[in-house]
Amino acid sequence: MQELLSKLVKKNIVITKEGKVADYIPELDKAKKDALGICILDNDGNIYTAGDWETKFTIQSISKIVTLMLAILDNGEEYVFSKVGMEPSGDPFNSIRKLETSSRKKPYNPMINAGAIAVASMIKGKDAREKFNRVLDFFKKVTEDDSLDVNYKIYCGESETGNKNRAMGYFLKNDGIIEGNVEDALEVYFKQCSIEVNAYTLAKLGLFLANNGRTSSGEQIITQKIATIVKTLMVTCGMYDLSGEIAVRVGIPCKSGVGGGIVGVVPGKLGIGVYGPSLDKKGNSIGGIHILEDLSKELKLSIF
Amino acid sequence: MQELLSKLVKKNIVITKEGKVADYIPELDKAKKDALGICILDNDGNIYTAGDWETKFTIQSISKIVTLMLAILDNGEEYVFSKVGMEPSGDPFNSIRKLETSSRKKPYNPMINAGAIAVASMIKGKDAREKFNRVLDFFKKVTEDDSLDVNYKIYCGESETGNKNRAMGYFLKNDGIIEGNVEDALEVYFKQCSIEVNAYTLAKLGLFLANNGRTSSGEQIITQKIATIVKTLMVTCGMYDLSGEIAVRVGIPCKSGVGGGIVGVVPGKLGIGVYGPSLDKKGNSIGGIHILEDLSKELKLSIF
Amino acid sequence: MQELLSKLVKKNIVITKEGKVADYIPELDKAKKDALGICILDNDGNIYTAGDWETKFTIQSISKIVTLMLAILDNGEEYVFSKVGMEPSGDPFNSIRKLETSSRKKPYNPMINAGAIAVASMIKGKDAREKFNRVLDFFKKVTEDDSLDVNYKIYCGESETGNKNRAMGYFLKNDGIIEGNVEDALEVYFKQCSIEVNAYTLAKLGLFLANNGRTSSGEQIITQKIATIVKTLMVTCGMYDLSGEIAVRVGIPCKSGVGGGIVGVVPGKLGIGVYGPSLDKKGNSIGGIHILEDLSKELKLSIF
Amino acid sequence: MQELLSKLVKKNIVITKEGKVADYIPELDKAKKDALGICILDNDGNIYTAGDWETKFTIQSISKIVTLMLAILDNGEEYVFSKVGMEPSGDPFNSIRKLETSSRKKPYNPMINAGAIAVASMIKGKDAREKFNRVLDFFKKVTEDDSLDVNYKIYCGESETGNKNRAMGYFLKNDGIIEGNVEDALEVYFKQCSIEVNAYTLAKLGLFLANNGRTSSGEQIITQKIATIVKTLMVTCGMYDLSGEIAVRVGIPCKSGVGGGIVGVVPGKLGIGVYGPSLDKKGNSIGGIHILEDLSKELKLSIF
């Protein structure tokens, strides 16, 4: 396995040239374009790694699955999905139009920005600070990693340039999807996106889902039902508007972020974390997708 | 004339039953549904009135033509229309979708909310207070009425419920259409909408445009070119997404507001102010439109 | 006047370089890109001409106002506008999306393709041949020109390449907007677009509308009401999605076609025909628009 | 198993009251609203059945996966997906708008009507008759059932009322997605939708996919890759714009049709055919979905 991973990282570094590092915040564009790394964990406690698996980067959209789990724990499945749908939208992740043109007012799913901001607004807590701290604590528990924290330089950048997300927040408030304070929801959202992780952290998150919500120490933190919901949404909506094609090419639940990370889940077996900040046009790690595709073929990982 | 107006008011009170008074702010719904009044001014100093022409109400969207005039004075025609278009949008006045789906990022015209908020952001001034005071002073000069002021109860209501407008503001900021502070632009916008007027005030505004920007005391406040732009936009976009039909049925430049007012302009001749808070589905005074249609037929006022 | 026209044609030939001759049918692209001509008729029987005013070209979208007049004569205003709206759409002339996304199913107005195809379906006649012949006869009467005919080479091209229009036809049939046979409606539509005219023909059409539906021989062919409807729709929707800006810049009812023609109407006074096959991005004659703008400024023709 | 199926059919007949039988063609609405049946096949040759599993109905949209398999065999994966995408659209199955508003012109996926019509146009054959016969023969081979045929009364109904599909066909022709004759593609499409099946036929189709393209007699008709593509598209797009929710609730590849059928695939194990003509608002068998949801829970069939 170790050997296979090294081979795949080496092979796919080439393709990183065809992508582009995110640069909507100055801090983000400092990532090394040809960085590429992977970490895989299994249930026997094995760790397989290759390339830049220890490099830190911000989790970005991958945080959407973390907040979703906590929001369901806090509010129940029924409430959450009365405010946010479960359908792929067919539009880019930061699109606002469906909120207006669709007959249903709720965001299509929790993986697009509008849906994730709505989910962030549901986290319990007396103010934005307490809400976010609950998200961070939950994420620490899930990954069994107490060192996790926000990259505040990137958080400030997100908050300052996040006017389209702010627009969505007020739109959702107007439609009654967000019931509480919009700026609180945005603060939680911008902060959750700015949590720093590496491929190992993501592999821990992946293994937690692969084991249906049980940590490696055996603690059941979320129900199997919640884990199934999250894994299913990862397949149908996790890779932005390339999700359908990734389902065909890779065939395992994945979620990507514009920081360059992808978390992958092989049900019952493996947690996978990938890092590669060079992105395709949809916002997915271009090297990361290719590694996952190769890996899926070699090890026959597709669930379909 | 006086007699004609009385007759038309009496005749069209019936139709006010088919409309609905705006109620998105509690204060607005206190208007008497069957109120209806008109005031017409000509260049010989005659004043013709009928019905509830002295009743006070908030100017709402009619303020969009006032701010537009000042924004062009402040920034020049070229700058203003580099940020806002001149085309009817075919969508409701509060629609956000065209901002995203259109290849051009600028709002379609200054009469829809998105365009008007962009225009409000262009008013010169060191802060929201100074900006708005300049709008109010300009409006006082145009109407030669020093008593004009904001209805602060309604302003607060607009500001508190204005989340869709706030969403638009941040969207425009994100696209670089609004260059300054979004909250400042929104404060100007919500305040301008909350200025209290009556049918007489609107008739003064109408006569000012009928005379291509000259007040009754003979002062030329805006250029003829600016007056022409405003009158033309009133015809193509002034009556929300009923503008095309109103152009056919009435045929004079008009602008309506959800407070129940309509200002009409008979080029070179008359300024018309109408009040009738019962609105059709598009947001136009239902009695007001019918009075204007009858008046246009009786006096052959259509410019087409 | 003659001198002014010559000067304006000479001056504006330069700008034709910035446009593009229509080429969706091979036959159309044979037009000389720098051709430019104008013809103006007044009620004293004067004819003023300059440049390529005698060159033949196909009428294309300008035919939409001709069929509209006949369809109202055939069916009455109420029926026609129960199937087609009066509002500018804010979309390109060949757009189909509003048919689906709008709550009202009817095409926005008779000047966009969908609306014009619906209008063509309303012409009375036992088959496509009879229907079209009635359109052609009506157009001959209006322009007092018996020599008018179809350019069949272009008609065949329109019909063969007209799959988007065909798509619209079936869409309208599906929604009950077209009640008769779709292929008949399309045949009428493609043929009406292929009628050959020159700037003089268009000036005759313009003068007919300027005189509210009376020919120069004094025959009242349509009611004044119908003439007003057509002139108003020309202002709000006649120049594709540049209509709003043209209303500001030119200020008289105009209708353009991708063959390079524009018809202009100065109410009560002049009929104007312009030819210039080099088109702007919206599909309007680029030289033609500039000539009309200059002319409107020189002679103060704006109705606003 | 037999007992479980009987119990589930009995239990879920109640919910059929809440749906509606398709009635866009008179023939379709003759189905018994409370009919409900299921057939399950496994690799040991067992057949489990309950309720109206022998009732005949038209396959409708389920045929889309049959034509897709043949189109890939005929043209290769690369060609097919150069013309049709793999992404969920987020819109109803018969929506046309994305063809215009999306930057990519190709239909989002082969499961919406536009995509399926494009796929139908790719079937090899010298005319519509030969093309369709190849589809029917392929379907016979896959299901090992020589008796399959078209219900011609329903085919005629489809063809006569299919103007929105016809509109899509011409739109796709206009954009170069359909390369051949539009009417041929539509004839194939309308006929494939009108093939008569019962729950047993669908279970055979399901088992064929569960075994990655191998019939029960052991013949490998399509590659494993093609089978994986089809199963994946069933999960992401197979249940109209309820696919995302069905993936969560049921969790196995499914495809439904407005005739009331659903085919389900439990990879490597089972083929499932369900019949229940009472449909939910999205067009899925309402009883069928509930049976599959119960079955998935009881037997833990979800692939996630």
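Going by the order they are written in, the chains are A, B, C and D; count residues from 1 in each one.
Just so we're on the same page, a contact is a pair of C-beta atoms (placed from the backbone, for glycine too) under 8 Å apart; a residue touches a chain by one contact, two chains touch by 3 or more.
Since we're looking at a predicted model, the values are computed, not measured.
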Legend entry - Common touching chains of chain B and chain A: none
Inset, instruction - Specify the chain most distant from chain C by Cα centroid. - result: A
Inset, instruction - Could you please state the distance in Å, as a whole number, between where the Cα atoms of chain B are centred and where those of chain C are centred? - result: 32
Legend entry - Cα-centroid distance, chain B relative to chain D, in whole angstrom: 54
Inset, instruction - Indicate the whole-number Å distance between the mean C-alpha point of chain C and the mean C-alpha point of chain D. - result: 47
Legend entry - Multi-partner residues of chain A (at least 2 other chains): 101
Inset, instruction - Name, in rising order, each residue of chain B that touches chain A in their complex. - result: 95-97, 100-101, 163-164, 166-171, 173-174, 182
Inset, instruction - Please name which positions on chain C make contact with chain B in the complex. - result: 85-91, 98, 108-109, 228-229, 231-233, 235-237, 241-245, 247-248, 251, 253, 267, 302-304
